[in-house]
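In what comes next, subunit A is part of two complexes: it sits with subunit B in the first one and with subunit C in the second one.
This part shows the complex of A and B:
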């Protein structure tokens, strides 16, 4: 019996991993840890309840929430696939950081109180930032800085919301204000989301904090900024955990919140538009993460059992095929050193396994029949149709067609076909091929044998009726029509889809160009002017002093105005705070 | 455009000779287009035989998914390219300069 959070196997294992060097022991260990985590997830008894005392709080790091099993399972499985793909990578800190990141994600899914959830949420931010930094390039260093800044701000907003709510609960006499059930705002308990309502600000802050991690525009430009700057293997890990943990938390806290339907629709369309305009192959796939998470967020907003099952199933399927696509792109990058569509093309000549695995991932993300995307995403559309939500249904259907356009065809076409780039790289080393083949197998296996996935969804079938029947003739025909006709659109529009050496500005422009520019062009000149005025003023003082005393040599040395270094100011501040603390304790 | 002669069997098969063929032969491209369009029309016509359980009025119309998929994609590409891109497009060295 497992009586501790299974994610800790990865988190603590991550600390041991660097001690094992780079040899076969470390490699074996890196494959074993995720498998042990996966086994542990399945060995946690159904009625598990563990409490840890922390200060005067009761933390519950091990409980089963409705979507825990499906998310914890896929997170562990993903850690294994990622570790296999990363087996030959030489960077020392990347894998331990990725394991801390993955393990924390598993821990979030078992959290029974908001503080445990928050602590592992923040640990994820730290682990993932190190993964970005492990890219090792100057661009990765800068992107990692922006990434961690955004996530720490998001974390502060989330914590502010949590504290506001905890104090409100405490004031209301609730004995256990950190229990997760008090944070399930859902459709009914979330009046605050109508702007006119008298509701408090806490749910808003929490929602915004979570939506930052879900990469909802305009809060989500960190994703396409940072993910493509990580290493080949780093990006594979990054694609899986942050946004899908946010999906999990939204599902727990905000299921049925109508606003999320619109947030999801926005994400789905935004991802397509930006991916269509993008040239970097991994950035195309990064935008399509936002698009896919949009489907899940929309499902959570719809909030029926069918919709939540669909969102959870889609998260499961999505993690596999998105990792597969990024493994395929990562293999191309690893073997060629090139990442722009304009530099690539014609790789089908010499990279057959990478190409076929990429195509299978592309078919799965497009929800092609007999792949994993088909049996998961359609539940969300079905829920929209069942609820007679016409606009969401139309947008999701259009977005499904757009997925085939921007990821399903565009990625394989521009990387493996189009023009001949003259590049003749081989398929990547065996471990990268093995990871791709494993995940490609899973994409097809889930599409054909979806029952094991349906059995672990948040709301499994209770009676003899099947949960959902994806393979009706009507569904297959309509989906094939939608996809193949959008394929026609791709080839008809190919002349205007041709890639150029351009990027498309996103909301990160504000903190990458606008505010720095504002400082450089408008504020800094003013500050410089003030500094000059001050210097001039004090210089004049000295001159006047000199004139008065008539002792030039002496006066020049009189320290009339001496700058304080930052160091001494900090020492003073620290000292005052320390005294304040002592006084506070004595008081 | 030749396949590496040292590789045989499954791997050589996987190298998709049809892709080479398409790249080299205009006739093959033409045949591919004709076959594709026939498949597309057949799929759209399949709606006459296959019964769709329509949730809204529009999704019961024969050929709806075909035309909607095509139309939605054309619209998204056109809007991306001619509405979103012009004001937001920059050289890809924009942030490095």
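This part shows the complex of A and C:
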């Protein structure tokens, strides 16, 4: 019986790992730790009750919440795949940091109270920052600094919200103010998120803190900024945990909050727009994380059982195929040292395994039937249709086509086919191939045998009839139609895409061709505005802060920062004495 | 054995007093240091014993009449949970910094003055312990003078590294003397009204005084005391002596001062505000808490802003100390249980955190020869343990969860909520962000730059005699960040008794 949070195996193991050197012992251990964690997740008894005392609080670090099993399982599995892929990487701190990061993510899913959750949330921020820094380049160092700044500020906002919320509950006489409550802010939709009264600021602060980690624009530009700067293996780890833990927390606290439907739609569109404009292959995939997480956030906003199941299943499937895609891109980067689409091409001659794995990942992310993406994403669309939510359904469907364009076709086409770049790299070392093959297998296996996944969803089937039947004829036909038509569109537009890739993409023209007028008149101004706001908040603040902290000449001009002379100090002392005397006599 | 047990309260002062004077006879070798370590170690053991005795007796306090004179004529030493805790902190940090001082002092102070240095050093610790243990108002002043004069001398000993230590010391001497004489005036006025110097007696007499609220002499005494105490504990804007003093003092002295001197001044304020005047007079009838709170809020913001713009790490940390003192003052000026407890906890937490950080800076001074940010560049790879201590301590200043700083802020925020002061919470959060900025400046220099200074390029890790004390303090700050039961229980109990008006 497991009587401790399974994630601690990874977190504590991460501390031992550096002591084992770089030899086979350490490698074996690094594969064993995630497997032990996975086993431990499944060995936690259903009625587990563990409490830790901290200050005057009872923390509960080991609790089954509805979505815990599906998230904890995929996080442990992902840690294994990532470790396998990273087996040959030479950097000393990257893997321990990644394990601390992954282990904290598992711990978040088992947290039974909001403070435990917050503590591991912050530990994730630390671990992931070190993973970014392990990229080792000057760009990685700078991106990591921006990354950690955003996450610490987000953490402070979240902490403020949690404190305000807990104390408000305590003042209201609620027995256990720190407990995690399902749908805490959800079912009332906008009602819970109102600005009426000062106490109601708490849900907003919490929501903002979580949305920072979910990479929702305009708070989410850290993702595409930092992830591609990490190492080949680092990016694989990064893609899995931060955004999906945010999805988990949203699902627990904010399920059914209508605002999230719109946030999710914005993310889905934003991710596609930027992915299509991008030339760096890993940045394309980073933007498509935003797009995919948008589907999940949207599902959480819809908030029905079907939608929440879909969001959880999609998180599961997404982690696998996104990691697979990034492994494929990472292998290319590892073997060629190039990361721009325009520098690559024609690699299918010499990297067949990498190519096939990349294509399987691309099909899965495009929700091609008989892959994992199909059995999960269609649940969200179905939930939108069941709820008669026409606009979300439309946007999700359009975004599905968009995903196929940028991640499904653009990535493999420009990297593996297209023109011949003259590069002749081999497939990567065995461990990288093994990791890709494992995840490629999982993508297909989940697409065909989806029942084990459906069994661990937050709301498993209760009666004899199946939870959801993805392979109805109409589903398959409509999805294939969508994919084939957008595939056709891609190749028709290819001359334009190609030409513009070498110069600049003519953004407006492209979008007018796709969504006539819609983009330019409605969406782009909003996105621009949000991007500007984000620039203002993060870049300008940092710039101003830097200018202020380094301008010593400026400092000398501001009297309050000048060194006081002894005489003025005495005058000030006397003045304070007078204040006390006067207050004393007048009170 | 029984004898020692009975005389513990006075031994805490007598042992370092005599031991300190004897240090001057110890010649020039390592002997003065060894002797000082022995004396401070013995003193620490005595304070541990004292705490154990107090807890075992179950009595609210232990009273000791020096020379068996009745307390209203002679001097009473009086130990309750609060000052037993502060004694433990001061003696413990004193002992650990004495161990640390060996390498640092050998490097920074000429050899022929080592015996004098350690004499003054032990006497300073003696004075601080005496202020804490005594229950006699005039004795407070006498011991305050002992600790102040010795500290002025200690700061001036930094002159061999930088002549500015002399002006820094002079500056502190002038402002400190003003503060001390204000305190003396306040005590004098109180004696005029009450006819006694024993603190408990003063309290009883004041309670009997008719129309206390409008008693001019009491009000003047209150004003002088509060200003004097604010000066000694460096409450913004009366902190003007502190940055220079901390910057130019020898490294070991800075570590000792940052961890103990201002904290004892805060303890004195507890005694006067809660013990003698009583919380009702100090905080309900007079709006003095608003003045204190204003000073504290300004202190958190402006001293953090000042810290951000420093290029010298010692001065940066000195300004950060002003900000941290402001948190302590903000806590007790709320005059509720959680707020006062936050102050008491933070006295301990900040002592270990900042003490450990100044030790790390001292190690840099030893290895690189300077303590500016430019000297720190690139040291992350060359002095990994020292820089890790500095980083962990820095996270404690920010109030990161799992560090001791988080616990203090937690109680402070609780106290502010109890008092309904949302503005203070905003200030605390703002202070944390500003602290993050200045701590980040250090982290950036340490880990993200290549060394500039030629000596930094081939610097090696600090000697073990520095690393052990440094990590002891930083380790304590981590331990009490995770398991805060001892500190928070003690602080809550002490806060309860303070608010109950116990002297």
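The criterion applied here is as follows: the second predicted complex is superposed on the first by the 486 of 587 C-alpha atoms of A that agree within 3 Å, B and C clash if a C-alpha of one lies under 4 Å from a C-alpha of the other, contacts with A are read in each partner's own complex, and residues count from 1 in each chain.
Everything that follows uses one rule, which is that a residue touches a chain if its C-beta (ideal position, glycine included) is under 8 Å from a C-beta of that chain, and two chains touch if they have at least 3 such contacts.
The model shown is predicted, which means the values in this text are computed figures rather than measured ones.
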Original post:
For A:401, is the partner it touches subunit B (first), subunit C (second), both, or none of the two (neither)?
Top reply: first
**OP:** Considering only touches as defined above, state whether A:276 meets subunit B (first), subunit C (second), both or neither.
**Re:** first
Original post:
A:434 contacts which: subunit B (first), subunit C (second), both, neither?
Top reply: neither
**OP:** Tell me which partner A:485 touches in the superposition: subunit B (first), subunit C (second), both or neither.
**Re:** first
**OP:** Answer with first, second, both or neither: which of subunit B and subunit C does A:66 touch in the superposed model?
**Re:** neither
**OP:** Examine A:122 and indicate which partner it touches, taking first as subunit B and second as subunit C; both and neither are also allowed.
**Re:** second
Original post:
If you count the residues of subunit A that each partner touches, which comes out higher, subunit B or subunit C?
Top reply: B
**OP:** Flag every residue of subunit B that touches subunit A in the complex, lowest number first.
**Re:** 1, 3-4, 11, 14-16, 19-20, 23, 36-37, 39-40, 43-44, 46-47, 50-53, 55-56, 59, 63-70, 72-77, 79-81, 84-85, 88-92, 94-95
Subject >> In the complex with subunit A, residue positions of subunit C that touch it >> reply: 171, 174-175, 178, 182, 213, 216, 219-220, 222-224, 226-227, 230-231, 237-238, 240-241, 243-244, 285-288, 291, 302, 305-306, 308-309, 311, 400-402, 407, 410, 413-414, 417, 422, 425, 429, 432-433, 436-437, 441, 444, 448, 482, 484-485, 488
Subject >> Residue numbers on subunit A that touch subunit B, as the complex places them >> reply: 269, 272-273, 276-277, 279-280, 340, 346, 348-350, 352-353, 355-356, 385-386, 388, 390, 393, 397-398, 401-402, 405, 417, 420, 473-474, 477-486, 488-490, 492-493, 496-497, 501-506, 512-513
Original post:
Once bound in the complex, which stretches of subunit A touch subunit C?
Top reply: 53-56, 118-119, 122, 141, 145, 152-153, 156, 160, 163, 167, 198, 545, 548-552, 555, 560-561, 563-564, 566, 569-570, 572-573, 576-577, 579-581, 583-585, 587
